[in-house]
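Have a look at the structure below, then the notes.
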């Protein structure tokens, strides 16, 4: 008599069978994959005699896709190269790529899938701090291993994460020292997009300027992400006349910011500007003519002239086209698979605990940025480099620091 | 007793519809899905609270709020604040400069727990706040807008702007709120580890039960005189006003109710997913939740739940398999549903599903409608692209 | 801080100009919307994407010019503006005939359907132009500043946008209030049935109006490349601001839109100068909403018996 | 609400004095005085744009007056909110039948039953025997007893007009205002409606706007002619019809 009743009769068993079928399929594939449990894999990871599966977790869609595409490409390049050279412990790397879709909960969901369903041996991924914060508890709970490529605010150190980008002090302190010395800068104007990385970076910068350099911060400001009106800001800069503008503006705001600086007559012949948020990637949108003569602080620039980098740039362009550009994070992404390979081989195992234990002290002499070494605190020793931006959008390195020890919890800067 | 049966379960037909849903989410999913997929369903079901609320205030009340994320977010934040305080005991935060406060506060040089956070040490206060804070905000917005007869698209745009403001505020006050990152790494609820598979299962059932409770409450409202008034208002607001009703108060009520539902969803989200971030407060998630309701059927409480599940599954599936296609699909789906199937899945079910079933299963038996409800019911006309103005058989 | 009086004056002048320039940007973005929402009652959530269409058009034309007619580079921008108008307008025409025309009298549904459209358009941009932001190479005369005195720098792109805004506003005014078409638009808005009865092709009027609104959005997008960046989601950033501007002004009033763009821009610009950027945004939006609560019909609205 | 008839016959139930309203400078109602007595059927006529509907809007609170007072049974309506005015005992029918088309006749009437008018009252409203009895009583009065379970959009135009009148009767108002109650009705329906009005004016006052002079003649106790927002003439139908000013502006056409 009642349709709902018959609906239940007919729909229920079908739903059940469907899901049951899916489940058994999943289980079958899982078991066939995890058949091997030798010394190299005692924790049920997705490792067979000939393959090892890793995950890639970046945003391929959404607002962050712009930034994360480079990391995806660089990680792939490294993995392909490792596979071509015989893989890791005799196994070829297979990649499961997941899309975080610029959405933090999606990142968390996908991280869970990679770790719990796919049992990947390592994950290369995340870009924003927010996405890393979202997946971090999952990596810690499931004891996964994440290689995180972005320069970031520090204040974090997890057993389950290797940070291949710089933490804030590495990027900021040396560059501030340099600009203070080189330009005799005493007054600074700090500004950034409104989220944790710029805010934390500026806090560190302020402490350093006030306590170490004996300078003065004459302005500190944050604009909402995506803001495109910087007219009032340019006037404030003119009013305060700082020796240096220290900028950490990101995303679409970046383009508007530099275009409007130029339009307001704030150019490098009148104003020194140092940014910690402009890489080759951002430059594409901004256009070199808008930033000519400004300085950028990164650990890597595409124009670095050393054999490692020349080879890396050539290979990257061969794979992704001659117009592709390589920014700091892209290079850091490239380091991830290589660092992992070195640690796995040192440990003789894919087990996360063993790989983590083997990681500190791992050195990479073939890194495009030159030389890196994994610190006890899971960050990398690296150099800070300052480049002057040219009218054609390329970066000319004008200063290179010594290797800097990573210090994610800098005493006196918090 | 009879009365409750009619108003809560919607007679035999409604009761069976509800039973199917209950069996699906309480029995089938937990049995058929592994813990990973099940916790995904759990997450989707938290969005369903919002969609159910939207059926009440948009489908029946004609009030399209594009800011339901506000309430989902506030509910979630209230719960997350409590959980974060519990996760920030002095022992586990001893590496901080100020142990015992949430980690992001420490990063922002805050050395003392802010006033706003103090009461969230208490679980009972938190439970109260989860409901009260969003509902009170909805009340304020509702009074301000509806008493002054700001309606229709104006209301939609204003709620959207409020969602934008709240997002900027949360992001800007990162010492208080965790900023863009949100409040992360939530661990225990009164000492009970919410990250275990077993506790996740329990939370899933709590969530599902609460959702069914909200559907029941929604039905109670819709089958009451208030439900008829809502629809009457949507179609003939003047007539209702000049029949002696304070139209605004009904709109405020249903808007607050939808806000409270959303808030419960948000709190359950924080519990199940283990974090809360401003990305749930803004404009995009708010409109996505409208999609859920639209696809499921804006006039159907059960449809909203199915719509949420279906769209969310689709999102996960397509963004895994064809990330490029996903936005085309989502956008296209939305356009098609709004233009050609304004009553969504529920409408299709009424017009085609039933017929198909009857031919298939019952042969020549005729479908009857329960006699008591006949006064409210009428067949849904799906042929016209206009959203059907009739009250559904099973709201 | 050592700031001389003359410098302070210069900065005041520049700040004043900045307010004007924000006003012009806001107005240019809101104009198209004001026509569509105000005259047709249609909520076009994809308005921002039509803006983006204009911006990408400019980008494409800039690239083509550089490649094939490098000598024309200084002048391509005028051509780009016209092309942006035509392409965005044509797209609007198409959208109106395929989608909007089926949804009149269902304003809330139009809102939702156009939001779906905005998703589709954003992904289309991504598929065609890639996810990265692109920058159109600007002719040199638009970039940089004009310095009437030592201390004053007036952005040339600001001046350019101002001129463009003035042109668009005047043109639209003339079209709406002096042309036969404008008369038809206003007649249709006031009484659709009657207009049809006296022989106005209301369908055509609707389509024209919508296309015009989208075309103006395209122009705004072209102008916007001189100030900001062009990416798949660039347009969606402005949609809330733009809608609030129109609603705040009073939906059916072009003068209202201008007044509201002016007050919002000045408030924002002034608060940005004295507070931080984020707070300025929050305060401006909140103020607009508070005022809307007191005056739900917006700044300018006519009282009529309904 | 329903005061006993003739008890204080001297005092009109509705006294409008000096009422004015303007829309952007246009005076739709200008310094108008109008009185409605108890148990009186008072008809307002006038050419289009005379301000008839605006007058009803002003009384029922839909439009706020710029100046003047509207006294209803000792209460000042011009300061009250719409629903309070209704609750005070003023019911109004709109020009186009305004009913809930997807509800049944029964439900339409029930909606106007003056109980459960507040949020929680409506939430816990019960369809008691009392309610049913009242609905059936009113339905009989408006000739719709047989059609209680019919969906309202299936009614004829005239029946819809009756239904709306019935919805007002449910509230048992002391003053009933009808805007063109017989528009679109057949001749026999008009006769029935006139009969209905005469019946329901027992015990309450009725203010009617109407164009149909035959109908007006059959119901009006008193007629007021409005022109350009002011009273042009007032009196019995015969008196008004013979008034030269009225003939000039209205009837003479």
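For clarity, chains are labelled A, B, C and D in written order, and residue numbers in each chain start from 1.
The criterion applied here is as follows: a residue touches a chain if its C-beta (ideal position, glycine included) is under 8 Å from a C-beta of that chain, and two chains touch if they have at least 3 such contacts.
Keep in mind that what you see is a predicted model, and the values were worked out from it rather than measured.
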item: Smallest number of contact steps required from chain A to reach chain D; value: 2
item: Interface with more contacting C-beta pairs, comparing A-B to B-D; value: A-B
item: Far-end chain from chain C, centres as C-alpha averages; value: D
item: Per-chain CA centroid nearest to the all-protein CA mean; value: B
item: Approximate Å spacing (C-alpha centroids) for the pair chain A, chain C; value: 36
item: Where chain C and chain D are represented by their mean Cα positions, the distance between them in whole Å; value: 48
item: Chain B and chain D, separation of their C-alpha mean positions in angstrom; value: 43
item: Where chain A touches two or more other chains at once, by residue number; value: 61, 194, 222, 224
item: Residues of chain C whose C-beta touches two or more other chains; value: 126, 278, 281
item: In chain B, residues with contacts to at least two other chains; value: 168, 171-172, 324, 326-327
item: Residues of chain C touching chain A in the complex; value: 1, 3, 7-8, 11, 14-15, 17-19, 21-22, 25, 126, 131-135, 137-138, 143-145, 147, 153, 155-158, 226-231, 233-234, 237, 268-270, 272-273, 276-278, 280-281
item: Contact footprint of chain D on chain B as seen in their complex; value: 220-221, 224-226, 228-229, 231-232, 235-236, 238-247, 249-250, 253, 374-376, 378, 389-391
item: For the chain A and chain B complex, residues of the former touching the latter; value: 1-12, 15-16, 19-20, 23, 26, 60-61, 98-99, 101, 103-106, 108-109, 112-113, 116-117, 128-130, 133-134, 136-137, 141, 153, 155, 194-196, 199-200, 203, 222, 224-225, 409, 414
item: Interface residues, chain A side, partner chain C - complex; value: 61, 63, 65-66, 69, 194, 218, 221-224, 226-229, 231-236, 238-240, 252, 254-256, 259-260, 262-266, 281, 284-287, 289-290
item: Chain B - residues contacting chain A, complex; value: 12-13, 16-17, 19-20, 23-24, 28, 31-36, 39-40, 43, 95, 97, 103-104, 106-109, 168, 171-172, 174, 179-182, 184-187, 195, 273-275, 277, 279-280, 316, 319-320, 323-324, 326-327, 353-354, 357-358, 360-362, 365, 367-368, 394
